[in-house]
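Chain nomenclature is as follows: A, B and C, assigned in order of appearance, with residue numbering initiated at 1 for each chain independently.
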Amino acid sequence: MKRLWRRISEPIIELCIRLSGIVVVIFVFLIFLFLLRYSLSLFRHSPLGRFLFGHQWLPISDPPQFGVIPLLLGSVLVTFWAVVICVPLGVGSAMFIAEVAPKAIKNVLKSFVEILAAIPSVVLGFLGIIWLGPVLRDTFHLSTGMCGLTGSLLLAFMALPTIISISEDALTGVPRSYREAAFGLGATRWQTLWRVILPSASPGIVAAVMLGIGRVVGETMVVLMVTGNAPVIPTSILQPLRTLTATIAGEMGETVGGSEHYYALFAVGLVLFVITFIINLIADLFLRRARK
Amino acid sequence: MNEARFKQNVAFTVLGALTLLIVIPILLVIVYVAINGAGAISWSFLTEAPRNGMKAGGIFPAIVGTILLVIGTMLFSLPLGVLSAIYLVEYASDNLFTRMIKLSVVNLSGIPSIVYGLFGFTAFVILLHFGTSILAGSLTLAIMSLPVIITASKEALESVPFAYREISFSLGATRWQTVRYCVLPYAIPGILTGTVLSLSRAAGETAPILFTVAAFYLPRLPRGAFDQVMALPYHLYVISTQVPNIPLSLSFATALVLIALVFLMNLVSIFLRAHYRKKRLW
Amino acid sequence: MVSEPVMQTFGLNCYFGSTHAVKNVSIEIAHNEILGIIGPANSGKTTFLRAINRLNYLQRSYSQTGEILLGGQDIRTINDNLLRKKIGIIFALPQVLPVTIFENVAYGPKVHGITGKETVSRIVEEALKKAYLWEEVKDRLQEPAVRLSGGQQQRLCIARTLAVEPEVILYDEPCSGLDPISTAKVEDAMQQLKADYTQILVTNNTKQASRVSERCAFFLMGELVEIGPTHDLFTKPQDTRTDDYITGRFG
């Protein structure tokens, strides 16, 4: 009797295992499909071109305008400045942690990075409203501290753990023989780091940066809370703006299911999905190259 | 001091300064929240419901809600994630399909949290008629947590020595028997560590629960899995942006509780990792 | 009296990717004999051995052509799990599971569905006795197996293989990590097992082959160069390559 149970249960378990393997693929497809389907409902009313290239995002005007350019540019601008800040900081720190810091300090630093990774984004958004926003407003004499720069600074902070840990992996993954060869030729540690290790680790570091960018582009709460609420084409980082993510989060509650506005937000989601998909694809390619 | 040495000292100092530029703000953030929030933390704050439109009272329902969401997320993501990892490590062959699965895991981890919220809303709240509920929120967070659990489980499974599998097969065991008796038991520490880490992230997420579960002001405890619930991250978001004239100490206290909860889970994960590394059998 | 061979291979070729590890080997193995397989490193001995219980298929790049028969039946028609129950293997380095001594030996019967504390205990005791290990461990069956010495662990591996009642036992350089005393104990066990089991011993140690086996096969670079009664192979080999290897001109 027990042998019969074993004969039946095992193929069932193995079937569950095999199905679980596919589940991940299914979810990616499903998410894409859902976004696509609802986006297509929008494109039936207002054509794709007007969505992708339209300069105005006015969901409550009459007739409503759903041009994604202001949001896209908002995301791009915030991301750009965040990257400018966090890449030198992150890669520099990774270099310090991997190659310069003595062992005891290295572990402490890595713990700090883990702590940073654990801080929820909503807490950083909260601090942006309470502290960073007012500070920037007073420093730059702005009318409001809820602007793109506040977002960029906080986003840079949030992307650091990703960039630091993957870059650090890339740097420590460089074979010892490279270092020993350089030392053997009389190079200092810095020369070795700058001329040998860094170039050798560059695929991994590029991957780290790309993943950091992906993280920044996809972040919602921070930008929702601190970048202001102005879905217009941004002229400066010191002004309020709107990102793709904040638009969905902020406006979803105000839409009516089945309305054009509702579908438009899905279209924005689709744009986000495609952008992060491409970024992740590129990052993965670089990671593979790094592993070789 | 020769020129190369001098350059090195400058360079290393710059790198150190950059690192400090990161470390100091981390410390400041924690200290700032702790100092400003600790004052409002009291037993009643943690165990009472909010009153007066959230301007007074405690955050008990939000704490309960977050814990319930974490449990729900674990119930869905842990079995699915571990089984997927078992498939990838023990059953899958080296073909295009397997690479597609691995690529999907990477992609899933890169999808913005708000897109998960959209998906969860359409799939679970609307299509499956779960309504805004703990169930819908947990399922959404579970899908989001899958990549982390799968990756951690994969590493844990791959670290079990191949010899164990070889012994088992050579005695005539089936693949599942080999996994069940000779691999899985020894991978559990790594799986557990990764799961707790993934859950600590889920606890702090706001975007996926915005439209799928979170309630604005629900001072009572949930009545079941299909009920709405308050949650700490959402609560902090709402009182920071949509409730005027709330005493700032309450907001700081909420932030502090959220950070404390997430950090606690992280510490558990780190403790598990260290504990099992000592007990390692190989 | 000619008895049916217990195993036969016909034109066996083994490939790992494009590497041709075993080339066209045809051998017959008689009941209850101890067949020695000697040859330098990389000669295909281990690959040949592991082809017999299909363990090579654990490597994803492996493929083979040719036939292997067990008791006249093509082993491809036998379920892998059943095949490996009938053909046990002892690896070069003693590999034990990180559980107790008892559980190590009891694992085989467990996966084949044998339950019942009494039955399993009896099987474990018999297996340990046949492997010449019972006296040394009978009072510490609940201790972790990793605490045993190398030689004891290797005999534990023999015991665990015996616990599933095989017909054939394969040995892949089983004494390579052992001291002379442990080696002698393992060789003793092999001699005693001769009565009930057929054994194939792959070894780098020509002296061991001449001590233990009755027939011997010499492999070189994947080919079966020569096979015959051990005494003849060692004293009057028919192929110069065999002679060169045995006299130590290469090794």
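One rule holds in what follows: a contact is a pair of C-beta atoms (placed from the backbone, for glycine too) under 8 Å apart; a residue touches a chain by one contact, two chains touch by 3 or more.
Just so it is clear, the structure is predicted and the values come from calculations on it, not from any experiment.
A.B. asks: Indicate the lowest number of steps between subunit A and subunit B, counting one step per move to a touching chain.
C.D. replies: The fewest touching-chain steps linking subunit A to subunit B number 1.
A.B. asks: Which chain has its C-alpha centre closest to the mean of all protein C-alpha atoms shown?
C.D. replies: Most central by this criterion: B.
A.B. asks: Would you mind pulling out the distance in Å between where the CA atoms of subunit A average out and where those of subunit B do?
C.D. replies: 17
A.B. asks: State, to the nearest whole Å, the distance from the C-alpha centre of subunit A to the C-alpha centre of subunit C.
C.D. replies: Here subunit A and subunit C have centroids separated by 56 Å.
A.B. asks: How many angstrom lie between the CA centroids of subunit B and subunit C, rounded to a whole number?
C.D. replies: 49
A.B. asks: Of all the residues in subunit B, which ones touch at least 2 other chains?
C.D. replies: 174, 177
A.B. asks: Okay, in this complex, where on subunit A does subunit B touch?
C.D. replies: For subunit A paired with subunit B, touching residues are 10, 13-14, 16-18, 20-25, 27-28, 30-31, 34-35, 38, 88-90, 92-93, 95-97, 100-101, 109, 112-116, 118-127, 129-131, 157, 160, 164, 188-191, 193-194, 211, 214, 217-221, 225, 245, 248-249, 252-253, 257, 265-266, 269, 272-273, 276-277, 279-281, 283-284.
A.B. asks: Could you list, by residue number, the parts of subunit B that touch subunit C in their complex?
C.D. replies: Touch residues, subunit B against subunit C: 93-94, 163-174, 177, 181-182, 186, 281-282.
A.B. asks: Going by the contact rule set out above, which residues of subunit B touch subunit A in the complex?
C.D. replies: So the residues of subunit B in touch with subunit A come to 4-5, 7-8, 11-12, 14-16, 18-19, 21-23, 25-27, 29-30, 32-33, 80, 83-84, 86-88, 91-92, 100-101, 103-119, 121-123, 126, 143, 146-147, 150, 174-177, 200-201, 203-207, 210-211, 233-234, 236-237, 240-241, 248, 251, 255, 258-259, 262-263, 266, 270.
A.B. asks: Can you list the subunit C residues touching subunit B in their complex?
C.D. replies: So the residues of subunit C in touch with subunit B come to 53, 55, 58, 60, 80-85, 88-89, 91, 95-98, 107-108, 110-112, 146, 160-161, 164.
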